[in-house]
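Shared between the two complexes below is chain A, which has chain B as its partner in the first and chain C in the second.
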Partner chain A sequence: MVKYALFLGCQIPMRIPSVEIASRRVFERIGLETVDLKGYSCCPEPVISRLLDKTGQLTVSARNLALAEKLGLDIMTLCNGCYETLLEANETLKHESEEMLQTNKILENYGRKYRGLIEVKHVVEVLYEDIGVDKIRECVIKPLKIRVAMHYGCHLYRDLSGNIMRKPEMMKKLTSLTGVEIVDYGLERLCCGYPSMQVDEEFALTHRLLPKIKKMIEAGAEAVVLTCPACTIQFETGQILLRERGVRYDLPCINIMELLALSFGFSSRDLHLELHRGPISRLIKKVEGD
Partner chain B sequence: MKNSKMQKVLVYDPEKCTGCRYCEIACAYYHFGTLDFERAYLHVLFDEEKCVFEAIYCHHCDEPLCAAACPSDAISKDKETGWVKINPSICIGCKTCTIVCPLSVPWFNETFHVSMKCDFCDGEPQCARFCSPQAIRVTTREEALKFSEKRYLEASI
Partner chain C sequence: MKEKEIIEYMRGELGSNILDACTPRERRVFINIRPEALRRAVEALKRKYSTLRFITISTVDGGLNFEFLHHFHVDGIVVTLRSVKPKEENVLESITDIVPAANFIEREIADLFGVKVMNHPKMRNLILTEDWAEDKRPLRKPLKGILPPQARRVAESLISMGCVAPVSRFIERKREAAGLPKTPPFAFANKEDMKELHGIIKETSLSEKVGFDWENKRLRYR
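Let's turn to the complex of A and B:
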């Protein structure tokens, strides 16, 4: 049986808990065993924390990696940001012996040690490579008759092989298994604007989020499929902020794990999709009827 | 520099860029401790109509026009590394470097009244370090030229 240490991160359990619920339902159905990483902390955030304090960032990441290593399991993340942070930290620690030594000196104070024995994987990779499309196709009992646009998220493009489309292509194939029609809108790669919100909110909303949503709607999308919680927050709260600027697009967001869970026959009520901040009820009505 | 082909430079691939501007955020924070696009030493542009990306960044030229035109000799090309830097204590803030640079890379810092530009972060450019898809990365001048020639020649056909 495929078994991973589950790294939930901060945003999913705290801000989009329906993604955690859906993930657990999907894992159980496809036979993916996960062990909760007890005592984990923020990954931490992949850019600002690394800029502020490289040693601090590496130490916090190493501590999280050490927790999984103690269980003898590789880490699986649901969040793109956590994925890049832990992947990068793992690479640095494994290949730069001085960094490993320094980090472990700090971890020693907390009774932890990281040896560099585990791997970091994104849930998309695990589903596609370890479980396989055939197994997932078998679990789809309720094909979803909706048109969706894909948004992969910047950190999903991070890949040690250099092939930036490796994981996005996996995500697209997994999405298509649910029966949805995927529309191409030409701006798939464009950032949602989440990182720019900290620098220039006006720019982030009107020159990143807005062009994407416009193109998605023009292409006939009824929802956007994501895997990153930060992007989901940007799409959902960003649309609320755009209303203040006189622009209204009610495009619902759905995480790929929620989409899979719906196609596996779980109800929106069971998944608590109502916890979304976007106009999810419209999508639910389309999927489940009145 | 003895062997300019081996000089470490930045190279940008618009086919990988997502326009997240983490490169600019990292650059401005590293140099000024602030999150401000205006203070970054490189800029990513996105044409919403044509859906294309481009980046403006210093190429640390073999024969830098900025250094040749600087009236106060504030700009020099390091003999060892090849990186072109402005000495802010010599710069008189005349903006000649900005005018002569084919990409107008140097920008005028209103606070310090001097021109500023990419210093290659002393060997570890933060823009490349924080680019998730590695759209901007560090390579040798020889590799960068090969990549850019292919890219621009293909685009012109």
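Let's turn to the complex of A and C:
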């Protein structure tokens, strides 16, 4: 049986727990065993910590990696941001001995050590490579008859192989297994604007989020499929903020794990999809009927 | 070399109260000291060097801290005692009773930065009018750190909780209703894990750089 240490991150369990619920349901159904990473912390959030104190960022990441290493398991993340932070930290620690020494010098004061023995994987990779599309196809009992647009999220393009489309293509394939029709809209690679919200809300909303949503709607999308919680927050709260600017779009957001869970026959009620801030009821109606 | 002799002498007199010392060039000495040892440092210099001459005090408002630079002249060498104090304390120990020439500059610092100079023998405004507003000091900056407003809550939460999205009662209830534990197995759910995480963060410069107040578990500025 495939087994991973599950790194939940901050945003999913605290802001969109329906994604955690759906993920656990899906993992159980496909036979993917996960062990919760007890005592984990933020990956940490990369912008502030990396810019201000690289050693601090690496050490907090290394502590999380060491927790999984102690369990003898590779880490699987549900969040794109956690994925990139932990992946980069892992690569730095494995290949830069000075950083590893400095980090472990701090960790050893607390009885911990990271040896660089584990890998960091995104859930999309695990589902595609370790479980396989055949197994997932077998579990789909309720194909979803909706048209969706894909938003992969910037961090999903990061790949050690250099093939930036490796994981987005996996995500697209996994999405198509649920029976949905995927529409292309031409701006798949454009950032949703979430990181720019800290600096310039107007730019983030009107030059990043809005063009994407417009193109998605024009292409006939009834929902947007995501895997990154930060992007989900941007799409959902961003549409609310756009209303204040006289622009109204009601495009529901759904995480790929929620989409898979729906296609596996779990109900929206069981998945607590109502926790979304976007117009999810419109999508539920379409998928489950009145 | 005289510069080294001065540093060695001061190390002998003040021990661990000397945080750091350097001679960036000939006839220049910087000595970083703990602020509580300022008067002892001045007394030590005066005791040892009969030719000691007070130059001035520079004050730098760094947003979160005041940096006080007490400059002296010792046999052709400029010696600067550097001490840093949090702006919340807003005090500077007077050295006027040890070095009378510091009288006016200490009053000037009090005027321009609003710093309370403790034990000054005759404190009253020097440059500003007597009715000058307490909260409008010409060279004083607002208490502010490096982070822009939008990033402050994230940093505060990251350091205090080890998590950038603190759980709400609403989400806790929803999680329980869905059969999940009230909170995920975060470090903040366990005192020992949290103690370890805070220990790790304290060993790096992150909390100092963002201006985190460990006692109150919040940023020093809003």
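The working rule: the second predicted complex is superposed on the first by the 290 of 290 C-alpha atoms of A that agree within 3 Å, B and C clash if a C-alpha of one lies under 4 Å from a C-alpha of the other, contacts with A are read in each partner's own complex, and residues count from 1 in each chain.
We take it that contacts are C-beta pairs under 8 Å (C-beta built on N, C-alpha and C of every residue); 3 or more make two chains touch, one makes a residue touch a chain.
The shown structure was predicted, so the numbers you read here are calculated from the model rather than taken from an experiment.
Trainee: Using the touch definition from the top, say if A:Glu84 reaches chain B (first), chain C (second), both or neither.
Mentor: First partner only.
Trainee: Based on the superposed arrangement, let me know which partner A:Val183 touches: chain B (first), chain C (second), both, or neither?
Mentor: After superposing on A, A:Val183 lies clear of both chain B and chain C.
Trainee: For A:Tyr40, using the defined touch cut-off, is the partner it touches chain B, chain C, both, or neither? Pick first, second, both or neither.
Mentor: Only chain C is touched by A:Tyr40; chain B is not.
Trainee: Pick one for A:Gln198: touches chain B only (first), chain C only (second), both, or neither.
Mentor: both
Trainee: Which of the two partners, first being chain B and second being chain C, lies in contact with A:Asp53: first, second, both, or neither?
Mentor: second
Trainee: Touching A:Leu242 in the superposition: chain B (first), chain C (second), both, neither?
Mentor: Neither partner.
Trainee: Just checking: does A:Val133 make contact with chain B only, chain C only, both, or neither of them? Give me first, second, both or neither.
Mentor: So A:Val133 meets neither chain B nor chain C here.
Trainee: Using the superposition on chain A described above, determine whether A:Asn109 touches chain B (first), chain C (second), both, or neither.
Mentor: Only chain C is touched by A:Asn109; chain B is not.
Trainee: Who contacts more of chain A, chain B or chain C?
Mentor: Of chain B and chain C, the partner in contact with more residues of chain A is C.
Trainee: Just which bits of chain A does chain B share with chain C as contact spots?
Mentor: Of chain A, residues 47-48, 198-199 contact chain B in one complex and chain C in the other.
Trainee: Note which residues of chain A are touching chain C in the complex, please.
Mentor: 8, 10-11, 13-15, 17, 20-21, 24, 36-42, 44-45, 47-49, 52-53, 55-57, 59-60, 63, 106-107, 109-110, 112, 197-199, 272, 275
Trainee: In their shared complex, at which residues does chain C touch chain A?
Mentor: Interface residues on the chain C side: 146-148, 150-151, 154-155, 158, 162-168, 171, 174-175, 177-178, 180, 183-187, 190, 193, 196-197, 199-201, 203-206, 209-210.
Trainee: Note which residues of chain B are touching chain A in the complex, please.
Mentor: 16-22, 25-26, 29-30, 35-37, 46, 48, 51, 126, 130, 132-134
Trainee: Can you list the residues on chain A that touch chain B in the complex?
Mentor: Contacts found on chain A: 47-48, 50-51, 84, 154-155, 157-158, 162, 164, 186-187, 189-191, 195-196, 198-200, 203, 207-208, 211.
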